[in-house]
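Pasting the structures here.
The same chain A turns up in both complexes below, where it pairs with chain B and then with chain C.
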Partner chain A sequence: MKAIGLIIVVLVGALLLYSTEDFPSWGDPASPASVHVAAHHLKKAIPETSVPNVVTAVLADYRGYDTMFETSVIFCAGLGCFVLLRLFKKRDDDSYYRHVATGITLHIKKDKIPDASSEFERIDTLWTPYDLIVKNVCRILAPFVQLFALYVIAHGHHSPGGGFQGGVILGASVILIAISHDMRTALGRISEKTVHILMAVGVLIYSGIGALCILMGRNFLDYAALSRILFTDKIEARSLGIFGVEVGVGITVMAVMISIYNNLSSEGRQDEGL
Partner chain B sequence: MNHHYPVLIVTLPLLFAFVVSGTAWVKKSLCFPLTVAGMGLSAWFSICLLGQVATTGPVEYRLGGWAMPWGIGYRVDTLNGMVIAVVTVLAFINLIATRKTVVQETPDKTGAFYSLYLLFVVGLTGILVTGDLFNLYVLLEVASLTSYALIGMGNGRAPMSALNYLFLGTLGGCFYLLGVGYLYIMTGSLNMADVATLLPPLFKSSAIVMAFIFCMAGVSIKMAFFPLHMWLPNAYGNAPTAAGSLIAPLMTKVMVYVLIRLMLTIFSVDFVFVILKMGPPMVWMSSLAIAAGAVFALAQKNLKRMLCYIIVSEIGYMMGGAWLGNNAGMTGAVLHIFNDAIMTLCLFLCAGSIYYRTQGLEMERLKGLFRKMPVTMACFVAGALSIIGVPPTCGFFSKWYLISGGLAAGQYAFVAALIFSSLVNAILFFRVIEISYYGDFETHNAHGSSGAAVMESPASMLVPLIIVSTGLVVVGLYTGGIVNHLIHPIVLKAGFSG
Partner chain C sequence: MSDLVVAVLGKYNYWLYIILMMIGIYAMIAKKNLIKKLVGMNIFQTSIILFYVSIGCKKGGTIPILEHSPGHHMVEPAHYINPLPHVLMLTAIVVSVSTFGVALALALKIYRKHKTLEEDEILMQLRPE
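Then we have the complex of A and B:
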């Protein structure tokens, strides 16, 4: 079996080498890829969309429809992890609690779990050491991470960045809280329900802007249609439309990151985990 | 409004999918009606679009308002118009028919299930409607990812089969993407029509030949063309009922459409049949696929797995027809996409209806079912007759075109394989019918479910099932109209002589 695999790999490799023979040479300015569609985008991006970062203009405007479905792919991934991993069953073993004032750990039988109180906090069965410094540093760091994430989303017009990258950083800030504290703290800040609704809201913003363009009398995702409600000219409307969809992308990516992390690290129970 | 049809077919279910997924956390009972609304609107617009395309010719749509090669464009002619219509209508019927099985099999995740259901249909319609090679890949990703998740929701070994499917499916997607990458390097464009005009001077180039081979390999994996079918029986057999009867009839047919689109519109008939001369070897492969699928189906003890191997065999029909390289063969292949989707759905719905009552589809559990579930089994017989190819049903007509195409091309092995598989299908289905007609339910049912509990499925399952099985005959009777108005214009335009 291994030999067959090797033969196939060598054969496909040889075919790949054979096919490169007719490729345009490396970095050739006259190659078809650099003179046809790409050249048009490079030349027209700024006059047509007023977005200095051509990558963003292609990604979110010329081929914005693809990006909407890429965001949907992320949404599907989040939903897929949810349906495959999530277990709606309570853990049926014992729990551990810490007395906040003294730091004493208590082992409590499963049928004697007390009501919520401010004097005891639940800790994970796989006990993680209580570390004041790590906890507080991460807590203080989180808002700065989030601020940077917003910058990355908003600055996609001018520099590398945008909704996907910014969304991941936003999600990372919440995951940081979950890692440094525990999953229940993170879920207390942003619950599973909120995460799932945000997941849908983000892509809904993207596709909703597209549908709004139809309602305003132009084609799907033709941001120029928004000029009337944004009180700008058509080119500036394109730039603002791109910003709108980037925000949608950011929200979905953030929520999906959090959801996948929560489901994976808690084996789908969403109560204990790193 | 009229000119927005192509985009509405794709984006309305998309919008509804997100709304359903959010609503699931607020009010669960709204999920199903919202899904029905999204799916119904999509099906309605796709029928309107087919009417529009059939009367006024191909329709184009510019997304984002950008002119064709610069932005993404949709292009609908009668070929994809009719496949879109059949996909959305069948998905709608399946949605209605399987409501109770979804509640039975995935009770606490119905919201997510319906959201994935809609997104899967979005993926398929997006693949069908698009005129852009890369957009096709993105939608292929949407359809694949959602089908992995839907299949993984099943019981038992379903997650394992989904993982297996994921590995092979991703490989298929990568091959297709690599092919598109080659095309982009050589032409600098992703628009199908634009690429088609830029390609002819490059036909002798090795890179273009490789691009074609990669696209074909990717699509063949995705459509489970023998011997690349290994993922299919487990994935479709272990999926939840509603997901199985959605994905099995539609996904492979859509991939056959992609193959035909690549052959006819992008690479052109000249390149495929005259320059590469790939027709005869591929017809041989298809004959092999037909025979192998039929033989494997004979070995199955489970009804659903038997149906899965029949799909493998049917893929061989369509591949063979497409590669025959003549008018009748191509017409038969396109017609068979249309017919096979309907008859596979009919059989899978019957299997789902039986499973809903018996909780198992092993052959011995089918004993005495004709008395317990007469309507379901009558519809099963209709579907079976169509797969075998008995005249008034639609399966006969596409098989007729395929056989006459095979004779015209002198491919007697393909004709022999078709006749062989028809005979095997007859044996397969009459075995099932014999067991369920003559077997005595009470005495032979060794498994836990008591005989008294098994009765006819609820009307919400039977009515869609009856509609589909009458559809088999109606479509069969209208074959002439479908071929003359929808298929022939495409086949003749591609360069096959009448």
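Then we have the complex of A and C:
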């Protein structure tokens, strides 16, 4: 199998390398990809949408359908992970508790699990982070990470950023809490139910803004129609519509990242894990 | 010989992406472990992302964020790199992370059922002699 694979790979690679002869050279401003629609986007982005970051303008306005269905793909991936992995059976293994004051670990055999108390904290079987510095630094860092994520989403019109990037950073802040403390702490901050509602809410915001444009008498995702309810001119309405769509994307991406992490790391039980 | 060197240096982005892509394909074909196959798939996706981003590059061009001031609407497209490949890859990165998550979930399911991630051992269990 290895020899066949190597032969196939070398042959395909040689064919692809041979075909690069016809490709434009690196950094050529007159390459086919740069002369047709891309030049139009660069010239018209500010007059038509008033968004200086052309990437954001193309992402959410000129290619709005594409981005909407990419968001749906991410939503479906989150749902797929949930359907594949989630187990609603409580684990009947042993559980471990730590006495907070002395650090002594209690091993409770298959028995009724006691409620949480201030003297004892439940710890995971395999993953028992017990480092005061790591815990507290991550706890203090998380709000600043979230603030930065909100900046990345809201400032996507003027700097590199937008819904996808900001959503991933937002999700990372919750995953940071889950890694530095344990999964139950992170689920206490943002529960599984909330995550799944947010997953759907993001897609709903995106397609809802599109549907609102139809109700206002224009095409789906033609944000200029929103000028009448936003009390702005059509160009400014496009800019605001792009912002609303980016918020929807950010919410979905954040929720899907958290959901995939929770399901994967706890093998679908969502009680203990990394 | 010098022609070849000029040809390679003028299009080195394609060489890099093809080498990465072939490493990814080789891992997907030859490796027995499912996780190694998935890592190969991720290398493959990364090579495509590299390919697209390098297509958008223009010599002497800057990032496609325009100056936003009243009366400043004249834009020369040759001065800004192509935004379209960046848009496509922006979404592709997040989608590749999500699909990787689903793939890992499937691998976890397979591990739960067969207690192994080696392809030949799984096939042995599926086809008892």
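Here, the second predicted complex is superposed on the first by the 259 of 274 C-alpha atoms of A that agree within 3 Å, B and C clash if a C-alpha of one lies under 4 Å from a C-alpha of the other, contacts with A are read in each partner's own complex, and residues count from 1 in each chain.
The definition used in the following text is that a residue touches a chain if its C-beta (ideal position, glycine included) is under 8 Å from a C-beta of that chain, and two chains touch if they have at least 3 such contacts.
Remember, it's a predicted structure, so these values are computed and weren't measured experimentally.
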item	value
Three-chain arrangement built on chain A, chain B and chain C clash or fit	fit
Chain B versus chain C as contact partner of A:61, first or second or both or neither	first
Which superposed partner A:203 touches (first chain B, second chain C, both, neither)	first
Touched partner set for A:80, first chain B, second chain C, both or neither	both
Partner chain(s) touched by A:23 [first = chain B, second = chain C, both, neither]	both
Touched partner set for A:46, first chain B, second chain C, both or neither	second
First (chain B), second (chain C), both or neither touched by A:38	both
Chain B versus chain C as contact partner of A:72, first or second or both or neither	first
Lowest inter-chain C-alpha distance for chain C and chain B in the superposed arrangement, angstrom	5
Footprint overlap on chain A, where chain B in one structure and chain C in the other make contact	16, 20-21, 23, 31, 33-34, 37-38, 41, 63, 66, 70, 73, 77, 80, 84
Contact footprint of chain A on chain B as seen in their complex	4, 7, 11, 14-15, 18-19, 21-22, 24-26, 61-66, 69-72, 106, 108-109, 112-113, 115-116, 119, 122, 126, 134-135, 138-139, 141-142, 145-146, 148-149, 152-153, 159, 162, 182, 184-190, 198, 205-211, 213
Parts of chain A lying in touch with chain C, wherever the complex brings them together	1-2, 4-6, 8-10, 12-13, 16-17, 20-21, 23, 25-29, 31, 33-34, 37-39, 41-43, 45-47, 50, 52-55, 58-59, 63, 66-67, 70, 73-74, 77-78, 80-81, 84-85, 158-160, 162, 164-165, 167-168, 253, 256-257, 260, 263-264, 267
Chain C - residues contacting chain A, complex	7, 10-15, 18-19, 21-22, 25-26, 29-30, 54-61, 63-68, 72-73, 75, 77-78, 80, 82-87, 90-91, 93-95, 97-99, 101-102, 104-106, 108-109, 112
Parts of chain A lying in touch with chain B, wherever the complex brings them together	15-16, 18-24, 31-38, 40-41, 44, 61-66, 69-70, 72-73, 75-77, 79-80, 82-84, 86, 88, 193, 196-197, 199-201, 203-204, 207-208, 210-211, 214, 218-224
